[in-house]
Structure formats: C-alpha cells, structure tokens
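Heads up: the structure comes next, in structure tokens.
Chain nomenclature is as follows: A, B, C and D, assigned in order of appearance, with residue numbering initiated at 1 for each chain independently.
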Amino acid sequence: MSITVRYFASLREFLNKSEEKLETTTALEIKEVWTQLNPDKVLPENTLMAINMAYVDADQKVQVNDELAFFPPVTGGGG
Amino acid sequence: MSITVRYFASLREFLNKSEEKLETTTALEIKEVWTQLNPDKVLPENTLMAINMAYVDADQKVQVNDELAFFPPVTGGGG
Amino acid sequence: MKIKITETALNPWQEIENYQANKSELSGKFGATNIFIGTMRDFNDGDEVTSMTLEHYSGMTEKQLATIIEKTQQNYAILDVLLIHRVGLLLPNQPIVLIAIWAVHRGDAFDACREIMEALKSSTPFWKKENLTEGSRWVTKNSKGYQT
Amino acid sequence: MKIKITETALNPWQEIENYQANKSELSGKFGATNIFIGTMRDFNDGDEVTSMTLEHYSGMTEKQLATIIEKTQQNYAILDVLLIHRVGLLLPNQPIVLIAIWAVHRGDAFDACREIMEALKSSTPFWKKENLTEGSRWVTKNSKGYQT
C-alpha cells in the first residue's frame, strides 16, 4: 500500500525525479509526505498541490492509494 | 448648384425614393431641406443624419454640393 | 489593416488564413488573435427567418469602419485588423461579419475586437431586412448581446 | 463540446471549420462565434526565443479544462465549445491554444471565451520552458494580458 507522488516542470528538474511511491498503510499529511521523500529540501513557496488530479490545500490529508502531485505555478495558454 | 439627398432602408421604402437633388445657391438647415423635399411627411423620430458621409446633429447646416443622408438606426453586425 | 464589404458569400477561415499568411511581418510577433464572427440565424424574435437582405451606405460604411478601427488602435496595442462585412442577400448559417485582431497580448486582442464589434453595430450604416415565411420586416434595433 | 491535447502542430482554421461542419445541430442556431488563438512569439521579456517545450499533467489537464468549461456554461448561454491545446516542442508562429465558442448572442460568446482563457492560464497544469539562443528557462508567471 502506497501513495504515488508526482513532480512537474521546474520542480521535477530541481528534484531530478518525476514520480515515486511512498509506502504507507495510513493517511498522511501532505507536508509529511514531502518531508519523508525530500528530507533535505524545503517545499518551495508557491508550490501547487493536487490529490487525484484536483487542487488541494497544503493541510489536506493524503489517503492510501491517492496520487499526490507537486508543481510550480502554471503557465499554459499564450497571449 | 444643389444638395444631394439620400434615403436608406425603411426610410427609403417609406418615402419610396432613394436619392434626389435640391437646387439651392445657399446653405440650408437640415430641417429646411427635409421640409422642402417632403412637405407632407414628418421626419421620423430616431432618424440619423450624415453630411458627406459623417454623422451630424439635426441643427447642422448643409452647404451647397454637400451630400445629406437620412436613415433609420443601424442594425449591422450579427450576434 | 483591411476592410472589405462584399456581396459574395464569406468563408471566414479561408479569409483569415490567407490574410495572415500574406502578412510576413506578423510572423513570430503576435501572441494573441481574437476573432468574432456574426452568423445569420434561422430564427429571430420567435419567428423563422428564411433569408435576409443587408443594405448599406456605400462609402460612408467604409469611412465609419476606418474611424472605428483608428479609435480602437488608440485605446489598445494591436498589430493588425481584418474586417469583412457581407451585404446583399444572405441565407441562414452564412457569416455576416468577420473581425480578426492580432496583438502581442490577449487582453488587447479581446478588448479591441469587442470594442470594434459594438461600435460597428451601433454606428455603421448597415440595415437588415428579414424575410419571414410570410412577408418581410426591417430589424429596428440591435440586441444587447446576451440571452435574456 | 470537444477538448483535445495534442503534440501535433495545430491548424486552427481547419480545426474550427471541420468541427463546425460536423455539428449539423448548430446550423442556423448560432449568431455569434468568438475565437481566441494564442500563438508562440519569437521574443519574450526582451529575449529571442527559438523554441518552446510545453509540459502538462496528463489527465488532470483534461479534468481541469472540463471543470472550467462546465462553470462557464453555468455563467453564459453558450451552445458549443472547442478547445485545443498544444504540448511538446513548439516553434515560433505556431498556435499554442485554440478556444472557440458558439452562442446565440455575441456577449455570451465574447465573455465565455475570455473567462475560459483566463481560467485556463491560471489553473490548468501546463508549463512552458523557453529555449533561448543560449540556454533555456521556465516561464514562471503569466502576463496580465496587456502591453505595458
């Protein structure tokens, strides 16, 4: 049982990884997930978070089998 | 020497004429032009007026050789 | 900048593509294009409309459109404008008007297109006459632009 | 309604024309189409940009776009939406995004297109990396949309 964690764009390059799994049998705080997986890195300010592809706040709990994503401000579109 | 007078759209149909000339050697008030050419018709409310293809108010004078136009509210475009 | 009044049926996609392809100075310089197309509906005010006749004041129309575009260019940073308006006999589903704006940024493109469209409707000498299943009628005023 | 994310170069005119031609239920029913196209510029923040890489969060992107469109449909009376966004490697002058809105009235078409575009830029997980003549850089924020 695990949580899937994904990183995108500049954050993916900064961490040099795009996806990993955190083994857990219980729900975890988002901050806890980050700290366990990136113990020597501060979560950059302005980082956006999504659970199961929906935006969440940093205080949301991550359930077992959830997909948690961290990414920088989005810049799509054009013009 | 004359003023050219033009009528458009519903006003053209109402008067059953699209263009005529009023002989004159002096400048005239717009209302005077209308009354001379359409003595039995009241100038319909909301009628727009242009002299030489630029919008004017009803109190503007029409000079000899000018083109004066009368027309209803405009309805171009779409949507 | 191009303003065209035409009696010929209008293919907006072809017109925009051709115009843009021939404007090599725009290439790589614009980030935003906003396009408005007004199309003839087969209904209006609860009635079926079978065709429409669009009358205009030739000469003043072009002059008024140029004035509108000039004013909008003072209000917004836009790079180019293509404006085409049909006159004559139109059938349902045919485009009536095409306005295309090229700009560096999206806000300028959106706002300029909207401003030109509203000014066109309120001040350019075009008049629509709708042919219904029985009889015909002049359109006497513009809609506010929203579903009521 | 159609949402498409594509790695293939995008011809907006072809896409809109095809989409509209296949929507027979729209024929005669829409009076207004508003279209926004965002196109890659060859300059940004004073630097020459030679190409761009567009990354996205596949799955969330489509979900977020559907949410945005659904919300806009509650705010405005619109008949149909076509939204296409490029990902992968883009070259200057290539379209990045296409949004087309069909509505009965112009105000609904303009406002819905603008709302979807702004929501897309602020909340859909796309990221741009610009390749310059020397090196590359992530775009870190959106422009406000107006020439400054």
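The rule is short, and it goes like this: a residue touches a chain if its C-beta (ideal position, glycine included) is under 8 Å from a C-beta of that chain, and two chains touch if they have at least 3 such contacts.
This one's a predicted model, so the numbers in the text were calculated from it and none came from an experiment.
**Q** So how far apart, in whole Å, are chain A and chain D when each is placed at the average of its C-alpha atoms?
**A** 26
**Q** Counting in whole Å, what is the centre-to-centre distance of chain C and chain D, each centre being its mean C-alpha position?
**A** 22
**Q** From the C-alpha centre of chain B to that of chain D, how far is it in Å?
**A** Spacing between the chain centres: roughly 48 Å.
**Q** Taking each chain's centre as its mean C-alpha position, how far apart are chain A and chain B in Å?
**A** Comparing mean C-alpha positions, chain B is 71 Å from chain A.
**Q** Which positions in chain A are in touch with at least two other chains?
**A** 77-79, in rising order.
**Q** Please output the residue numbers of chain D that touch at least 2 other chains, ranges allowed.
**A** Those would be 31-32, 36-40, 103, 105-106, 109, 117, 143, 145.
**Q** Does the chain-touch network form a line, ring, star, complete graph or other?
**A** The chain contacts form none of line, ring, star or complete graph.
**Q** Sort out which chains touch which and give me every pair.
**A** Applying the touch criterion to every chain pair yields A-C, A-D, B-C, B-D, C-D.
**Q** How about chain C: which of its residues touch chain B in the complex?
**A** 36-40, 54-57, 59-60, 63-64, 85, 95-97, 117, 120-129, 138-143, 145
**Q** Using the touch definition from the top, list the residues of chain D that touch chain B in their complex.
**A** 31-32, 103, 105-106, 109
**Q** Any idea which chain A residues touch chain D in the complex?
**A** Contact set of chain A toward chain D: 6, 8-10, 13, 48, 50, 53-55, 69, 71-79.
**Q** In their complex, what parts of chain D are in touch with chain C?
**A** Interface residues on the chain D side: 13-14, 16-17, 27-43, 76-77, 92-93, 103-110, 113-114, 117, 143-147.
**Q** Along chain A, where are the residues that touch chain C in the complex?
**A** Contact set of chain A toward chain C: 77-79.
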